[in-house]
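By letter and in written order, the chains are A, B, C and D; residue numbering begins at 1 in each of them.
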Amino acid sequence: MIDMQKQPDYRNIPIDQVGIKNLKYPVRVLDRSNGTQHTVASINMYVDLPHHSKGTHMSRFVELLHSFRNDLELSLPTLSRILVEMKKILGAKSSHVDITFPYFIEKTAPESHSPGLVDYSCRFLGTSNEHDEIDLISEVVVPITSLCPCSKEISTHGAHNQRGEVRLATRFRKFNWIEDMIELVEQAASCEIYSVLKRVDEKYVTEQAYNNPKFVEDIVRDIATALNRDDNITWFELSAENFESIHNHSAYAYIASTKEGIVAGA
Amino acid sequence: MIDMQKQPDYRNIPIDQVGIKNLKYPVRVLDRSNGTQHTVASINMYVDLPHHSKGTHMSRFVELLHSFRNDLELSLPTLSRILVEMKKILGAKSSHVDITFPYFIEKTAPESHSPGLVDYSCRFLGTSNEHDEIDLISEVVVPITSLCPCSKEISTHGAHNQRGEVRLATRFRKFNWIEDMIELVEQAASCEIYSVLKRVDEKYVTEQAYNNPKFVEDIVRDIATALNRDDNITWFELSAENFESIHNHSAYAYIASTKEGIVAGA
Amino acid sequence: MIDMQKQPDYRNIPIDQVGIKNLKYPVRVLDRSNGTQHTVASINMYVDLPHHSKGTHMSRFVELLHSFRNDLELSLPTLSRILVEMKKILGAKSSHVDITFPYFIEKTAPESHSPGLVDYSCRFLGTSNEHDEIDLISEVVVPITSLCPCSKEISTHGAHNQRGEVRLATRFRKFNWIEDMIELVEQAASCEIYSVLKRVDEKYVTEQAYNNPKFVEDIVRDIATALNRDDNITWFELSAENFESIHNHSAYAYIASTKEGIVAGA
Amino acid sequence: MIDMQKQPDYRNIPIDQVGIKNLKYPVRVLDRSNGTQHTVASINMYVDLPHHSKGTHMSRFVELLHSFRNDLELSLPTLSRILVEMKKILGAKSSHVDITFPYFIEKTAPESHSPGLVDYSCRFLGTSNEHDEIDLISEVVVPITSLCPCSKEISTHGAHNQRGEVRLATRFRKFNWIEDMIELVEQAASCEIYSVLKRVDEKYVTEQAYNNPKFVEDIVRDIATALNRDDNITWFELSAENFESIHNHSAYAYIASTKEGIVAGA
């Protein structure tokens, strides 16, 4: 049976990334409180393809993933091993993984201490180059409460507030818990979000937000300030989006790191 | 060339609905202020298929739509004509159209009177049966501001509020403007939404919402009360969803009409 | 601290469903091969609200869910217990849960027997009424390959084929494995879908689909035939959607059960 | 009334982009065949914010857009004017617009010449810097048919094929019709897509795809070859994604321009 993918190619065009996209897979993720947690990921896996090869072997990506089946833990060592293996089994010089998954943290309500889980969308982006150097970006999307400083200032009572979403991608020197990045973001919000809030808690979060008004501009600046001070963070990219309660569009702010560290890839 | 769809079928199973789904098409819609407006729709078109026919002719749905190309106005007469034509060209007893589109209304800010467009997601669901009776449901999805009565009551300052979305489907006796249904919903919100708000307007909407707290329960009840009083409305289905600013999930309430009118189809 | 939700209401309008929507939660599901599997669900929980009560207590839904935290297994006994508890803690006459989650099945490729996971979107809809009767609907969304009989018949070589999606909701007498419903659907496709296919397998699935052409009409009819024969199934609702490879819209067919069993709720 | 946004800021952190996101607006777009066409856009508008300013004035973005209300034509002169105006009214050094919209082209079926509209998702990304230099990227997302060369080669009959999606972003010297970019992509597919296909046409597209098998790798390479030859294109970024009919995940390939032209921004 002929191997079409192995045929020579004469167009002289190397391909930057080729592979599989949007594969759903159950995974385990390191959990600061419980060791690991089970979740479900959407996975992209790509390698480069040299100009002289017609195609890559798509089934090998899924086979590789499945070889980890009983232990697919998204730790740095496992991701590194997957990135190196991908290059080996596909004869490539570079490899990329892009893994998105919901992550759950148990939080207790601020006054009643009732426990509940909050979900965060997280993402690991890994790349390995021809020198087997691994570049890892970790991203969290954090739902928050934001309360408008302008609305508070000009209004006799109340202030418009809304759910917002902060997206923070970081590169770092040594291992960084997802939980640490989430907490850093939540401290910059008007108030953090919970899944269970009894009346005493609802009073607390309402007043906390009212006493702590923030524009999207304030939120990204406060997070950037904290990240700039943190030597473990070598690069970041950061946005805040408010699903405005008074409009049907969002308010948005974005800051890219000016740290003299590693420069962001694609 | 054989016509596979025309072949007989011996499984003895009629099909309720068969056709095309999720076809994007530019359309015009009747506009209370401007006559008509241009928008883009996502369209489903189905007919029934008797037990003895193998298949329907999918291309005829799009041909029919395209025959209206230069005048595809989503008025009641045009929808009725499409429903009747569908049955004719496909030899069917019943026909269904399901058309969703964004609709824009120019609103002026409450104090500065600055104009801006607000977008609403609208939907027409039409059915024609074997007696050529037309059943039409008109649906609007209206973004609103809602402010929590409990949070206001128990907090020293402020009250959590958020963007919400009210979905209202109605059957009616005589023609009903989309704008009328939207206004009816907006009057039941803590405050309506605008696209342009200057500072004087932001003060207004903040205070308006604060003075007008509503649970999702209140919103659906106030709308249901108005609909129950309106003799032109023969049936409705209604939900309110708040994208809670203090949670990462929604609060939701739903009421189905108890009017003794026409009963809702599937 | 006043309990706003407990206040009387004078609008005289009962609410059919009120509660929380789109809460993400980690769950375990019964797995025919492995006992249980871990996955992540999106959960809606509603109760009715009598005309005389102002509001429901939203936090209790999440508290109830969290009380199962260490053992939230979506089995029929657990769902029944949740439905009954919801009514109790919220003083309601009826309760509803609506839970959607990805589910994974390990399949081996047809010739090479290489293993891989395929993901299916599943859903449990449960209702409990004032007599504590539980009504449960189980739904699976199954990705399939479909190959067009007309295209095969009229073309010298080849036939257009594409990914399709079959949605099957069922009511049943005694416990039904998700896997059984998925297999029933896959047997009605031109070919079933895999995550790992080596070249020998790709030859197999290509030829299998070519030898087994099916319109969306054929797919829903073949599934309906199997369901009509199965005494354990008391009701079903069924659609097939093909993401046509030759169009940018879908072909669609839908059959609702005519079984003389329990009639579907809203 | 105090202007909170105008207050000084002492955190010393400039913000790269701040503004409004996901505003829906009706627009007109230049149309090669018909002069212009009406469609509906989703719009993001951002400016930079210097380190010493607390906030930007969000309402001015929508006011600016609304000032074009009766003539919001997404031509290069209009986009340039919007970009320059944004900087002026917000006192900014740089401005960004990001506009996504469906675009319709009437195509006639290859044999029957039946007409129908095909929808494409298009996007304009514009930036103006402190020297009033305008940088414009034009993007098209083109649905296509792709047929697998490996499946065809190894199978006795047939070959798996599916809908795919090519995303092509370009920078160019002089004005480029959306239609030209779409045609360039469609010529690299196994076959292009239509909305109306009669039986003679279905035979044509089936055989055309069968005679023209393409991996995602082939598609991006053939497009890259054409773009490399075109002196008007100074930069491109290009991906092909196949919604595999035999899997529940996609095959994907990506090429970034190596042209010595302008380098892509973020």
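Note that in this section a contact is a pair of C-beta atoms (placed from the backbone, for glycine too) under 8 Å apart; a residue touches a chain by one contact, two chains touch by 3 or more.
This is a predicted model, so every value here is computed, not measured.
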Chain whose mean Cα position lies farthest from chain B: A
Interface numbering overlap (same over half, different under half) for chain A and chain C: same
Separation of chain C from chain D, taking each centre as the mean of its C-alpha atoms, in whole Å: 35
Between chain A and chain C, centroid-to-centroid distance (C-alpha), Å: 29
Chain centre separation in whole Å, for chain D relative to chain A (CA means): 25
Shared interface positions of chain B, touching two or more other chains: 1, 23-24, 62, 119, 150, 154, 195, 197, 199, 203, 248-249
List of chain D residues in touch with chain C within their complex: 118-119, 143, 145-148, 150-152, 154-163, 191, 193-195, 197, 199, 202-203, 205-207, 209-211, 243-249
Chain A-facing residues of chain D, complex: 1-2, 4-5, 9, 11, 13, 15-24, 44, 46, 49, 54-56, 58, 62, 149-150, 153-154, 215-218, 220-222, 224-225, 228, 241, 248-256, 266
Interface residues, chain C side, partner chain A - complex: 1, 3, 23-26, 37-40, 59, 62-63, 66, 69, 102, 104, 114-117, 119, 195-200, 203
